[in-house]
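The chains carry the letters A, B, C and D, assigned in the order they are written, with residues numbered from 1 in each.
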Amino acid sequence: MDNLGYLFAAYTIIWIGLAYLVWTAMRKQKANRKEIEILKEKLDEQK
Amino acid sequence: MSHVIECQKISKRFGGNQVLKDFDLTVDAGESVAILGPNGTGKSTLIRILASVMRQSEGKVLINGSEMKDEAFALRSQIGLLSHTGYLYTSLSAEENLKFYAEMYSLKDPEKRIAELLEKVGLRTRRFDRVATFSRGMSQRLGLARALLHSPKILLLDEPETGLDQEGLDLLWSIIKTDDPDRTVVFTSHNFKSTVQACSRLIILKKGKIVYDAPKGDLTEDGLQALYHDVTGGKS
Amino acid sequence: MKTFWKAAFAIAKKDILLELRSKEIISSVLLFAVLTLVIFHFAFTADHETMTQIAPGMLWVAFSFSGILSLNRAFIPEKEDNCMEGLLSCPVGREAIYMGKCLGSFIFMLIVEAVVIPVCAMLFNVDVFNPMIIFITLLATIGFVSVGIIFSALSVNTRAREMVLPILFLPIIVPIIICAVSSSSAILAGGTFEDIKQFLLIIVAFDVIFFTVPLMIFKYVVEE
Amino acid sequence: MRTKIALALGGVLMVVALVMVFIVVPTEATMGNIQRIFYFHVPVAWNAFFSFGVTFGFSIAYLKTRNPKYDFIAESSARIGIVFTTLILLTGMIWAKPIWGVWWTWDARLTSSFVMWLVYIAYFIVRSFITEEERRYRFGSIIGILGFLSVPIVAISIQLAPTTHPKAMIFNDGLHGTMLATLLISIFAMFVVYFLFVFLQYDNCKDAYEIAQLKKKLLKESE
């Protein structure tokens, strides 16, 4: 790989790394929100 | 004269679960307070907070009027603590254990006090034996000796009967009574028989809240059993 | 202030007494350190010239890993006989408990070093057994033990505690190892105090920081 | 809502930074194109240090107040700190390959980042060992404090150690004009990405905590 290839590799790593990080955090947030809803409903049923 | 022990709005949270919530308690000199209640209502936590082994999340603990936070050193030398275990090093001998704790309490004349206490708990002959070779009753009595080493004004016991037979427990209580009858004692227990004999005031906890608090009066063991079950809904 | 030192010495004395009684740490840790030297010998069947070069590194690898074995045991008596609450209920600051434990482990490390350095000097006839290197080793051991004790207190309350201490301890102790090894090598290569002053400065800075800060935050480790 | 703004702002800034780096700024004389990694390598490094500094601060705050919220911030910040540090190491290696022909050089800066990486990997591993929440937050804070204190001393001692590779990775900061502008923009872009992640991760920690509570309540109710 000539220099540009390395340069491209470095930037893709940074971009994909950070994008993946933020994406997983947002996905986790949605999953958590849903789970809280479900748990709250279960709790209400029991009361 | 301020109370010997005063808890003002004590709360304790472990991460999420709330063990004690706005807990108030006052104990006066000479009282022998029994605290009963199902497991997990915060009995041991309360004892540990009073002994300043554990920090309360909110609220104040006053011993003889001064706050534990400011006077930790002075107050801890007034308090003796005995739990399920005697806080003893099993590979050290009885005397070495007491000598070590005597130094920690910076006692003036440790030799005399150790000899006297070993005599009192009936372990004089086992002075140089390792605690590992002791029976449960003997190590609990040695633990009591450790708790009384600095002749504290307040004695805190957390389920001292664990692992003891009735006879061993009665012996433990007789030592406590004879050592200093008007010492303030606060103890938790599941053993109704010794509780009835030992306490001058009875408190029952449920979910971190006091649901019963009254002098013992002429309560018998069976009376206590019945009272306990209807107050806590049967779980012991 | 007096009770601080009295309690610290009492705890150190108790730990030494416990150790003399069971001889757990000294026998196994000492043997482990000497074994490390032997392994080094077989791993690097090098001539005398390179041996003098890697001797300090070898020493400190032996000290680090045997130190971890010894520090892993520091709070075992309190944990297994659950006496920690007993100590906490004594009219003694949590700092004194930390100090006492540091003194105890420091003495154990000294014993290991007092044996391993001469053995290394003999086995590889490298002049490591000279006052300057001993001074460097002592200075470095202070920082080593100060960090080790607070992480040992932390690790004893976690699952897989044998693993926790090394993975926490080794990255943070890198400056001590670098400076101790570099200054020892410089001395071995005939350097004087001047050459290693900057390394010693870092070791002293490390000792100061990693003694005072753990001293202040130790109570958060042991108090629920 | 704030995450939306941060997401948008971060995206825009990243694009601007990329445009600057690839098109606007002149190629550096000695190292040629590969030097352009510098404009992201340095910001990532500074942000990594900054995020561990935040962890350090909030770890102290947690120990003082025992309020779980502080530990959520400390942990979230450390999490992106570790990602930034990993990026430093990766881009550092990619930068070293063409210049020195080897993937890894024991260059002072890279080695210090590597040790810092090891410290915070241990931070997360030990946290995963502790199941009881309160203790996990407390011990995590202890490691967060001591770990951060080690970073400067490690950097200094590595700098001095004779064995490491003397050549500095980045030429001295004789930056001027567009080069400096690009650097500043990408630093700011990274900064926004940092806040974006911490906002999100903080909510995740808070929700995870709440889920644990709800589960406990459910358990108690069903008894």
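The rule is simple: a contact is a pair of C-beta atoms (placed from the backbone, for glycine too) under 8 Å apart; a residue touches a chain by one contact, two chains touch by 3 or more.
Given the structure is predicted, the values throughout are model-derived calculations rather than measurements.
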Chain at maximum distance from chain D, centres defined as averaged CA atoms: B
Intercentroid distance (Cα basis), chain C paired with chain A, Å: 42
Inter-centroid spacing, chain D versus chain A (mean Cα positions, whole Å): 17
Mean-CA-position distance for chain C and chain B (Å): 38
Gap in Å, rounded to a whole number, between the CA centres of chain D and chain B: 49
Chain B, residues touching no fewer than two other chains: 14
Set of chain A residues in contact with two or more other chains: none
Multi-chain contact residues (two or more partners), chain C: 224
Complete list of chain pairs which touch one another: A-D, B-C, B-D, C-D
Of chain D, residues touching chain B in the complex: 66, 68, 132-137, 209, 212-213, 216
Parts of chain C lying in touch with chain D, wherever the complex brings them together: 147, 150-151, 154-155, 157-160, 163-164, 167-168, 170-172, 174-175, 178-179, 182, 198-199, 202, 205-206, 209-210, 213-214, 217, 220-221, 224
Touching residues on chain B, where the partner in the complex is chain D: 13-17, 57
Parts of chain D lying in touch with chain C, wherever the complex brings them together: 63, 115, 118-119, 121-122, 125-126, 129-131, 134-135, 138-139, 141-143, 145-147, 149-150, 153-154, 156-158, 160-163
Contact footprint of chain D on chain A as seen in their complex: 1-4, 6-7, 9-11, 13-15, 17-18, 21-22, 25-26, 28-29, 32-33, 35-36, 39-40, 42-43, 46-47
